[in-house]
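Next come two complexes built around chain A: one with chain B, the other with chain C.
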Partner chain A sequence: MTHLPWDLQLLNTCAALLLLLSFAMLSQRRIVTLVDLLAIQGGLLAVATLLLAWRTGQPHLYLSALLTVALKVAFLPWLLHRLIHRLEVYWDTEPLLNISGTLLAGVVIVVFAFGLAQPITQLANTTMRSAIGIAIAVVLLAFLMMITRRKAMSQVIGFLSMENGLFFGAMSATYGMPMVIELGVALDVLVAVLVLGVFFFQIREQFDSLDLHHLESLKESE
Partner chain B sequence: MSAAAPQVTELVTQLLEVVAALAAAPLFLGWVNQCRAWLSNRRAPSIWLPYRNIRKLFAKDAVLAENASPLFRLAPYLVFSTMVVAAGIIPSMGTHLPLVVAADAIALVGLFATARVFLSLAAMDVGTAFGTLGARREMMVGFLAEPALLMVIFVASMISSTTALPAISEHLVTQSLGLYPSLAFTAVAFTLVLLAENARIPVDNPATHLELTMIHEAMLLEYSARHLALMEWASALRLFNYACIGFALFVPWGVATGAIGPLGLALSIPVLGLKLGVAGAGLATIETVSAKLRVMRAPEFLATAFLFAVLGLLVHVLLKA
Partner chain C sequence: MEVLLLLGLPAAGALALGFLGARRSAPELNVAFSLGTFLAACALTVRVIDHGDQLLAHEQFFVDPFNVFLVALTAFVGLTTSLFSRPYMRVELAHGRVTARRLRLYHAMYQLFMLTMLTALTTNNMGLLWVAMEAATLSTVLLVTLYRTPASLEAGWKYFILCGVGIAQALFGTILLYFAAERVLGAEGVTALLWTHLNAVKSQLEPSVLALAFVFLLVGYGTKVGLAPLHNWLPDAHAEGPTPISAVLSGLLLNVAIYAVVRCKILVEGSLHSPLPARMLMGFGLLSVVVGALLLWRQRDIKRLFAYSSVEHMGIVAFAFGMSGPVATFAALLHMTVHSLTKSAIFFTVGHAAQKAGSQLMENIRGLVTLSPTIGWGLMLGALAILGLPPFGVFASEFLILTTAMREQPWATPILLAALGIAFAAIFGRVQPMVFGETTARRLPHPPALLPVFAHLAIVLVLGLYVPPYLADWYRAAARLIGGL
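Entry: the complex of A and B
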């Protein structure tokens, strides 16, 4: 094993924990816990950004860490909790694939992501380039979660987790995106969640449920 | 010092390890039971209770079922001896052991599997419903726990590039301190496997004879006297062995490494005692705070263990950490 400086060790630990959290989200049936896990994921992301900012001395990374805490640890989870209580959806129904199956599929996806990341890793010259594979894995696992869940709420959480993965990927490949883009993405996510929140009420009014398979049939008579 | 001296100490270490395992395994079990009783606000049984139990059972006359085959009588000795051999391979006190060349960590998993197969066959031998039920459940838990245990060992082997348990232990002692997420994940996986393999609470309750939930106890129902004593001693040894594997992989400090002298060996004994004391208290705490799972949820529990081990492996491959 190589001897790494302690801040890189901490960054690697953050990356490993992010991967673990993605699996925890895949295996979780309770929506309230899912939101909590999402908040923890945001917190870890903020810690990783802070560590990277401290290591590289790039001021915009401090700002994006602050933005992460404000948006992904505080505001979005609060909003989602409020939506959950108003819509009274606490549990997802049995996912399309059972939990053990989903987890095994997740392992296969992680191996695939690591293979996919290898050429990118060789091109990048940042100190945390080995974490790119984990970032891609987090994105793909969030995809898997969106595919296997039925309730609109879990899909939105999957979407947010995917955004976290992308953010982490950008951070480990190029020390973060330019500030303008980062702000744009943050605003995008915020608006998306707000609009989806309105959507939830519309969906429930139409179908008396948040189960998205109702949206699959084209005619109402079916 | 003559050339033969290190070999003598190695031999002494080997013998001492096996004898210590035999002697201390019931004590460790007694300690875990005592902690469990304290944590649930009961008056604790004596820490020597497992010894008294074994002595009592040895003094009794054995009763065998009419249709029991020789396998049924042979199984306790086989299970017990595999556990003793396993105790000889695990570096609980020193890493230079003469028996090590005989078997590496993968063979050790095989030894545990052999014991499990004979235990299950003996349970099915008499043909009672409970024995068969226990054997089937044991095999279900076993075939899920084994890959997880192997994965745990593979992670440690990849880190130290050897599959011999003492060499792994020695490599981990000598490397510098640091954060190793891969080892942390595998430690969690190993704890889950330990709970499942030793019939501890989330998977099985060692203190119950309630028919519908028991796994390990159901297999021992037909045994009596010396056979039962050997079986119980063997299961105490299995718990002790698993704890020592855990120490060898995750807290290897204090084990006598290199060319050991009598001093290093003497020092490693209290360290092992301390580790066992802490591990026993920790095990009792886990068992007290968790509720027993339904039998059908056990695969999910072990899938989690497997997942943790695989994640440890992947993290090690990618981050080299």
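Entry: the complex of A and C
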């Protein structure tokens, strides 16, 4: 058995915890807890980025970690908590597929994700290439969460979790995208959440609820 | 300099209208900024004609024959749509569907939307292209929900979630592209995502990674193109938003999205040396043509009808790009141009027709020609043009695409012909009673702006009869660039 340096072990632990968090999010129906889980996911991402920055000595990764903390650990969760209290949506209703079924589907997805990551992992020369499979799994699990949830708020959290997964993928395959792009993506995510905040109030005003089954009248068979 | 003006003017416009957009003169201000942007686009075009390809601002912006005509087209349709939107939004205000405050949002977002599209077209950076495409979605979400009706909120939500998920796939594709490029161009950050650099080394990029990247990029940007089966957001967003937005979504955003797909295709084809990307484009394209044409029959809402027609036409364009020969690519570029002009002209007339009838349902729109011959004839001519009747430009491009298909992909020709026939019957059968017969229409408090409609149709007519030599040269140069294999 090869002996890994401690920082790499820590990085791999972060990756494993990220995957675990994705499953926790899949099984969680309390929206406040979902936001907390999202914040922890952001925190783990920041830790992983910092470790990687220290290991590779690339200055832009420090900036990127700072950005992650500011946006994903502090600002977005704060904004979402405020939205939740203002809109009084605390619980999601029973998902379209029950929790144990969703978790089983999640396991299948993880296997599929590692299969998909195979060609990339073989080519990557970064130190944490084994995490690429996990990143793809996080993205796909977030996608599954978006499909199975009924409340608009849970879908948004799924969307943000997907973005976290993509970010982690970029980091483990290429040590992160160039800074300009990361800033642009962060800006887009920020604007997206602000737009959604406005949007939630509009939905709420119109339907008195954030349940998405109200938004199912535009069908082809009008 | 020109690029600075081209992007700076809509940015300044968005800011100015964000503060002043509620004023009575805001629509004129909107027109003024759009006119400025159009003039900057003309200046840029002249520069490219005189000096060839341009690499600007530390290689961050790149203008070649492929995107310069799209820049000019985007700025032109942006200008004419702002002209159309001036009386249209005033009528909506008079009918009480929007408030002055929401008009401020509308005007600011309109300029922001133009900015994101022009950025996506001119940028040389594949990452920035992604950022601009996502920003284009975000700037239009609140425009789709401008009327705050239940249906518009649903359309806006669908638009946001579907395009958001789609664009996330494209981000993953971009990451994979960067991953492959970094191995060749080195990790020194910025150059590894510049399209010109990627294009120079495309044959060295790792094929297996690029094939995977293309799947994600095609699905991602394809969602925004409205390729079936990812087209679900498109008809809702077109039908429920204000008509000027339907016109720019259909006429411009879909073009920009397919532009992004084609830029990626050039790289991937250069690396793969196999027809995989071309086949995928043809498959998605053909499916969209068929799905779009069949769903035309089930529509009762006039804006949904023409939204599905956009799905069909984007399918034709994707199929033509998939065929990859110089002639097919030439035809695809021509088709992008004429579809954009014709479809926005149709939406202009449809907007005023729906206002006059007080409904978007086709059964309630009758006899347009009696009350206002210009709107009636505009809609009729627009419909005939989009259906590909000679001598309009759509006929020329569809004819080229069909004849190329007969030679290179004979199996697809009957499917294309059948879909075009179905679409013809569906649209013509519905437009005819709307234009002629007994009228139910009312007068509007502001006279509609019909100059844009006839200006667009005139250009489409001219392009059908005669493509000016410099335009043909561009198309050919772009076709050589895209032609691939």
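Simple rule for what comes next: the second predicted complex is superposed on the first by the 217 of 222 C-alpha atoms of A that agree within 3 Å, B and C clash if a C-alpha of one lies under 4 Å from a C-alpha of the other, contacts with A are read in each partner's own complex, and residues count from 1 in each chain.
As a convention for this text, a contact is a pair of C-beta atoms (placed from the backbone, for glycine too) under 8 Å apart; a residue touches a chain by one contact, two chains touch by 3 or more.
The shown structure was predicted, so the numbers you read here are calculated from the model rather than taken from an experiment.
After superposition onto chain A, the partners chain B and chain C occupy separate space and fit alongside each other.
Legend: residue contacts after superposition of the two complexes on their common chain; A:133 is shown touching chain B, with no touch to chain C. The superposition-derived angle at chain A (between chain B and chain C) is 150°, Cα centres, a multiple of 10. When the two structures are aligned on the shared chain, A:191 is found in touch with chain C, with no touch to chain B. The least CA distance from chain B to chain C in the superposed model is 19 Å. Touched by chain B in one complex and by chain C in the other is not one residue of chain A. Residues 60, 116, 119-120, 123-125, 139, 143, 146, 152, 155, 159, 162-163, 166, 169-170, 173-175, 177-181, 184-185, 187-188, 191-192, 195-196, 198-199, 202-203, 205-207, 212, 214-218, 220-222 of chain A touch chain C in their complex. Considering their complex, residues 1-4, 6, 9-10, 12-13, 15-17, 19-20, 23, 27, 99-100, 103-104, 106-107, 110-111, 114, 117, 130-131, 133-134 of chain A touch chain B. Taken together, the chain B residues at the contact with chain A in this complex read 159, 175-176, 178-182, 185, 299-300, 303-304, 307, 310-311, 314-315, 317-321. By the touch criterion stated above, chain C contacts chain A in their complex at residues 125, 127-128, 130-131, 134-135, 138, 141-142, 145, 148-151, 153-158, 160-161, 164-165, 168, 171-172, 174-176, 178-179, 182-183, 187, 189-190, 192-193, 206, 208-209, 212, 236, 240, 295, 298, 300-301.
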